[in-house]
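Scrolling down, you'll hit the structures one after another.
Each of the two complexes below includes subunit A, the first together with subunit B, the second together with subunit C.
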Partner chain A sequence: MVPKKILLTEDEMPRQWYNILADMPTPMQPPLHPGTHQPVGPDDLAPIFPMPLIEQEVSQQRFIDIPEPVLEKYLIWRPSPLVRAYALEEFLQTPAKIYFKNEGISPAGSHKPNTAVPSAYYNKISGTKRIATETGAGQWGSALAFAGALFGLEIKVYMVRISYDQKPYRRLMMNTWGATCIPSPSPDTKAGRTILEQDPNSPGSLGIAISEAIEDAVTTPNSKYSLGSVLNHVLLHQTIIGQEAQKQLQKIGEYPDIVIGCAGGGSNFAGLALPFVRDKIAGKKIEVIAVEPASCPTMTKGPFVYDFGDTVQMTPLLPMYSLGHTFMPAPIHAGGLRYHGMAPIVCQLILDKLIEPRAVHQLETFAAGVTWARTEGHIPAPETNHALAVVISEAKKCKEEGKAKTILVNWSGHGLVDMMAYNAYFEGKLTDFELPDEEIQKSLKALANFPKPKL
Partner chain B sequence: MIESFDHLEIYCPQLGMMLTFNYCRRSQSSLPCRNLMGCWEERIPVDSFLGENFSREDLEAAFGGIPKTRMERIFDYLTQINEKKPG
Partner chain C sequence: MVPKKILLTEDEMPRQWYNILADMPTPMQPPLHPGTHQPVGPDDLAPIFPMPLIEQEVSQQRFIDIPEPVLEKYLIWRPSPLVRAYALEEFLQTPAKIYFKNEGISPAGSHKPNTAVPSAYYNKISGTKRIATETGAGQWGSALAFAGALFGLEIKVYMVRISYDQKPYRRLMMNTWGATCIPSPSPDTKAGRTILEQDPNSPGSLGIAISEAIEDAVTTPNSKYSLGSVLNHVLLHQTIIGQEAQKQLQKIGEYPDIVIGCAGGGSNFAGLALPFVRDKIAGKKIEVIAVEPASCPTMTKGPFVYDFGDTVQMTPLLPMYSLGHTFMPAPIHAGGLRYHGMAPIVCQLILDKLIEPRAVHQLETFAAGVTWARTEGHIPAPETNHALAVVISEAKKCKEEGKAKTILVNWSGHGLVDMMAYNAYFEGKLTDFELPDEEIQKSLKALANFPKPKL
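Entry: the complex of A and B
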C-alpha cells in the first residue's frame, strides 16, 4: 500500500532550528533606530523582548539548539505529518506529486505555536511574569495564550475591536487557555484612551492594538511584548517545519521541485521554505514560491504610496490619476522598494532571486480551498488557500506539460473558525469586479483631462 | 454618499477576517486604511470615492509617506511612550 502520511517518530524530530542569516548571499542590514538612525542594539530591544530572543534576533549561528522544555511542549503536536494529496492529484488528473505539511493539527490550529512556545519559554526563564501582545483575528493571540498556559505566564491580548465583536471563537479559545483578551482600543492604556475619547465607537486597527500592547508591556512591571511574525527569531523557530519535511521526504526518497507557502508576515512560508532555500543557495534546482493576495500586494508590487507633487521630484514622470477636483496625487506602486508588512529576511531573499513572489485573486483562493476540502477533507484557513491556489495552478501546468514534478506546500492552518469567510464566498459577496458600467464611465470621465501613463 | 459601498465585503489579509468596506474607509481614526486603494481598486471607483469624501489633508494623513516596517513602528511607539514618561 502506498503511504498517505509520512511520519517521523518523536526521536526523529529536529533538535535545532535553522538560521538562514548564516547562509544569506546578501547579509542582512540591521534595522535603524528611527530616533538615532543608528543600528538597533540589544539595549533598544530589551524593554520589550527577553535577552535570549534578542540574541537569536541578531545571531549568525547556523543552527541553534532547541531547549529541552520547548521540545517537550512541541511533542504535544509535533512532528507534524507530511501528507500526500492523492485525492487532489486524482481530481486534477495531474502527474504532479503533491505533498502538504499539516500544521493545522496544533492545539491552536495553525503554525503559530511553533514560535509562541519558545517565546513563552524564553520569557519564563528570563523572569517575565506576563506578556502583552496584539492580535488581528486571533490566530496569534490564541497561540500565545496556549503557550502561556504551558509555562504559567499571564497573557494579555489586545484584540482589534471589530474582530473581538465578530469573531468570538478565537477569543473564547484564549479565555479557555487562561489569557485575558480585551477589545482594542481599550481604556487600559493611554493610547487606547486617546482613541476612545475621539471616537468611542472606534472599530480599532492593528496599529492601535500594537501600540496598546507595547505600552502595556513597557509600563507594567515584569512584562514583555511578543510578536508572532516578521522578526528573525520568529522565522527561526518556524524552521522546524521545513526541517521535518526534509527528513520526511528523505525517508521516501523524494525531493521537491517546487516549495510553496502563503506569505502574510512571512513566518509560515519561511518556516517551510528556508531549509530548502539553504539547499538552493548550495546549488539545488528548486522553485520556492511565496504567495500573497493580489488585492494587497506587498511583495509583487509593493504598497500603494501617494507621492505628493510638491515633495517628489519624479512626479512628472509618474502616471497621474484624479481624486476629483480638490486632490490630484499620483498613486504609484512602489514596486520592490518597501515591504512594510513582510519579514525582512523574505524580502532580501526575493531581491536575491532565491524566492519568487506570486499574487492570487481572492476568488481563486476560495475556489482552491473548496476544492481542497472536497478532495483532501481538511478545510483550510483562508490564508492557506492562497498557497493552495498556486499548488493547483502548478499541478495543472504539470498536466499540460506532461511533467511529474514534486510539489510541497505548507498547509499552515485549518479554517474551522473562519467559516464566515467561506459563507461570504458561497453567497457571492467576494466577486472581483463589482463596478456598474455607469460608475466606470463616471470614473473614466474624471480622468479624461489628465496625462495617461505609457504602459 | 460616503456609505455607498459600505455593504461590500472583502477578506482582509492584515486582520485575517472578512470585513466590509465600511471598516476600510474609517479604520485609521476615521480615515481610510492605508491599503484601501490596493484592496478595492478593482471593485469600486476608489479615486473618485476618496476625492469626494476626504480632504487633501485627510488623504495626506492616510496615505502620505512611505509605510513603516513593523520594527520601525515598534520603535516609534517605544519613543512615544518614553517621551510621555514623567521626568
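Entry: the complex of A and C
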C-alpha cells in the first residue's frame, strides 16, 4: 500500500529548536522603548518574562537545545504526522503532491502547545508560581492552561468577553486543565475597572485583555506574563514543526516546491517555514507563502513601521508590517488571524523577498475547509482554512500548467471547537470583506511620530 | 528517553478483523423473529442491511479480510498510538504500568469510524445510494457522516431532538461532512408524525429515532440502515483496536494483566477486548473488565433475556442482559452509555466468566477524567471517563497490594465536543444515581411472555 502518513519515532524527534536569527541576510532591527526610542534591554523585559525566554529572544545561536522535561511533554503528541493528501489530490485531479503537517493532534487541538509547554517550563525553573495571559478565541489560553497543568503552575487567562460568552467550550477546556478564565474587561485589574466604569457592558478586545494580563503579572507576586505569538522566542519554539517535516520528507526523498501556512501573529507559519527559509537562504529554489485574511491584510497592505504590539501601548515598539495598533479588524470567524501586526522575523524575511505574503477571502477559506473535510476527513480550524485555500489554488494552478509540484502546508489545528463558524458559513451569514485603504490610512495616523525602521 | 508512544507503521496495521464467534466456548444463541420466535435469517435483514454485513453478522470464520478501500481510509487516522500513561502513574504513585489505546485521534474523535467506514464501504459496493441512521449525543451520526463523505454516500441522521437542540457541535460536524441531520421526532416519517401529533414538543428518544431511521431506510429507494454498536459485525470491525494493541505490546515485550473499556452497546470495549479474550480462552490469565454507569446497570443488574434492541420493537429479539426495552435511563452526561441492552457477544462472554462487568458512579468518572486531563493532557469523553475511573481504582489497588500489574485501557474518544458535560460537573450539577431495583423490575415486566435464552 502507498504510505499515507510519514511518521517519526520518538527517538527521531528533533532535540533542538532552530533559530533563524543566526542565518538572516539582514539583521533584525531591535525593539525600541516607546519613551526613549532606545533599544529595549533584558532588564526592561524582566518584570514580565523569565530570563531564559529573554535570552532566547535575543540569542544568535543557530540551534538551541530543547530541555529534557520539555521533550518529555512534547511526546504527549509529538512528533506529529506528515500526511499525504491523496484524496484531495484525486478530488482536484491535480498532478501536485500535497503534504500536510498535522498539528491538530495536540491536546489543545493546535500548534500552540509547542510554545506553551516551554514557556511554562522556563517559568517553572525560574521560580514563577503563576502566569497571567490573555486570549481571544481561546486557542492560546487553552494551550497555556494545558501546559500549566503539566508543570503545576497556576494559570489565569483574561478572555475577551464576547468570546467568553459566545465560545464556552475553550473556556471549559481551560477549567478542565485547572486554569482560571475570566471575561475581560474584569474588575480584577485597574485597566479592567477603568473600562468597566466607562462601559459596564464592554465586549472587550484583545488589546484590553493584554493590558489586564500584563498589569496582573507585574503587580502580583511570583507572577509572569506569557505571549503565544509574534515574539522571536515563540517562533523559535515552533520550529520543531518544520524540522520534523524536513526529516519526514527526507525519509521519502521529497522536498517541497511550495511551503504554505496561515499567519495571524506568525507563529504556526514560521514554525513550519523557517527551517525551509534557511535552505532558501542557502540557495534552494522554493516558494514560501504566508496567508492572511483580506479583511486584516497586515502583510499585503500594511507598511513596515515601528508600532506597538498591543492596542493599549504597553509593549515595546516592534519593527513590523502593521495596520496600526488602533486598528479594529472586522469580526471574521478566524479569531487567530485578527491581529494588526506580524512577527518581526516574518516581516524582515518578507522585506528580504524570502517569504511571499498572500491575502484570501473568507468564503473561499470555508469552501476550502469543507472540501478538505469531505476528502481528507479531518475538519480544519477556520485559521487553517486560509492556508488550505492557497493549497487548493496552487494545486489547481499545477493542473492548468501540468506541473507536478510538491506542496507542504501546516495544518495548524482542527475546527471541532469552532463549529459555530462553520454554522455561520452554512447559514450564509459570512461575507467577503476587503479592507478599504482609507481605513488603513486612518489607523496608521497614530504612528506619525514613531521612529522609522530601515527598509 | 523512555518511549511514551508505541507506534505501528502503516504496513504493520492488521489486514483482517478478528471474529470471536470462531472461538467462543458457548455458541451464540440466535436472534429471534418477534412474531414467530424463530431464528432470524438473512432474508429478514436484507431490507435494512447490505448482504456483506449480514454475512459478517453470522460468519464463523476466525479472520475476515479488511477490503483494500477500507484499509486505505483507515490510514486517515490508523494505526492509533498505544501510549504509556507515565504522568498518571507518577501522580498516583502506583507501581502499575498503564497503557492506553488512543482512539480519539479519528476525525470524528472516537472509535466509531472503525465500523462506520466499512459499513459505508459495503453499502457502496452493494448499490446503496443513501443510508439513514439515528444518533443520540451524535458520536455515531458524525462518524457515519464522515464515512459517507469518503465514499460519496448520502447520509441522513435522525438526531434525538433534545441533543439536536443542546449539542449543535456534533450536528455541525455532520453538516460539514455533507450529511443531513434533522431532529427526531420529525415530520419526515410516519413514526415521527405520529409522535408529533401526540406531542409537538416531544424531546425525542433514541427509540423513536431508531424507528424513524429504519422506516426511512425500508421506504426510500436505494436506501439502507446502519447501526453503530451492539451487532456482531460492528464488534468485528472494532477488533482492529485490540489487534493493533497486541502488536504494539508485543514490540515492547508486554502483556496486560487487566484490560478495561467502557460499554454502552459494547463496541469500543469489545474492539479492544475480544482479541485478548481469545487469549484468555486459550489459557492466558487476565482480567477483562467492561465498565458501565451505575445509573444504567445493564450488565450488573439486568437479567440475561431475549429482548428487543430498540424501544419501539422493530428489531429482532436479541439474547442479552437487558433492563427492558422500555427502560428510560437517567439523563447522565455520557450519552453513549445510556442503552438498555448490551451486545449479545459481550453478554455471552460475561455468562462464560470471560468478562467481568463493573458499574461506576458519575462523579467518580468525571473526577477521573479531570485527573487524566491534568496529567496525560488529552481531555477524555464522558464515556471514556468510566473506563478511566476503573483504571485509577485498579492502579490504586496495585499500590496498596504492591503489585506492578500492566493495565490496558481503551481511550475511546476525546471530550472536546462534550465540554458542557464537564461544565455541569464543575458547577456541581451532576449527582450520583443508583437505579432502584423496583424500577428495573417494572420495565422488565414487558418481557414476561418472551422466549427465554439458555443460561
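In the analysis below, the second predicted complex is superposed on the first by the 394 of 455 C-alpha atoms of A that agree within 3 Å, B and C clash if a C-alpha of one lies under 4 Å from a C-alpha of the other, contacts with A are read in each partner's own complex, and residues count from 1 in each chain.
Basically, a contact is a pair of C-beta atoms (placed from the backbone, for glycine too) under 8 Å apart; a residue touches a chain by one contact, two chains touch by 3 or more.
Everything numeric in this text was worked out from a predicted model, so none of it was measured.
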*Is A:G377 in contact with subunit B, with subunit C, with both, or with neither (first, second, both, neither)?*
second
*Which superposed partner A:Q139 touches (first subunit B, second subunit C, both, neither)*: first
*Count the residues of subunit A touched by subunit B and by subunit C, then name the partner with the higher count.*
B
_Going by the contact rule set out at the top, does A:I350 touch subunit B (first), subunit C (second), both, or neither?_
neither
*asked:* Is A:I195 touching anything from subunit B or subunit C once the two structures are fitted on A? First, second, both or neither.
replied: first
_So in the superposed three-chain picture, is A:L227 touching just subunit B, just subunit C, both, or none of them (first/second/both/neither)?_
first
*Of the partners subunit B and subunit C, which touch A:M420 in the superposed model: first, second, both, neither?*
both
*Check whether A:V391 is in contact with subunit B, with subunit C, with both or with neither, and answer first, second, both or neither.*
neither
*For A:A273, is the partner it touches subunit B (first), subunit C (second), both, or none of the two (neither)?*
neither
*Using the touch definition from the top, say if A:L172 reaches subunit B (first), subunit C (second), both or neither.*
second
*State which residues of subunit A lie in both footprints, the one left by subunit B and the one left by subunit C.*
420
*Can you name the residues of subunit B that touch subunit A in the complex?*
8-19, 23, 26-30, 33-35, 37-40, 42-45, 47-48, 50-52, 54-56, 59-60, 63-81, 84
*Inside the complex, what are the residues of subunit C that reach subunit A?*
1, 3-5, 7, 9-11, 68, 71-73, 75-77, 87, 105, 107, 109, 146, 149-150, 168-169, 172-173, 175-178, 369-370, 373-379, 416-417, 419-420, 422-423, 426
*asked:* List the residues on subunit A that touch subunit B in their complex, please.
replied: 31, 33-35, 40, 44, 47-48, 136-139, 160, 162-163, 166-167, 190-191, 195, 198-199, 202-207, 210-211, 214-215, 218-219, 225, 227, 229-231, 264-265, 292-293, 295-297, 301, 303-306, 308, 321-327, 329, 331, 334, 337-341, 344, 362, 382-383, 418, 420-421, 424, 429-435, 439-440, 442-443, 446-447
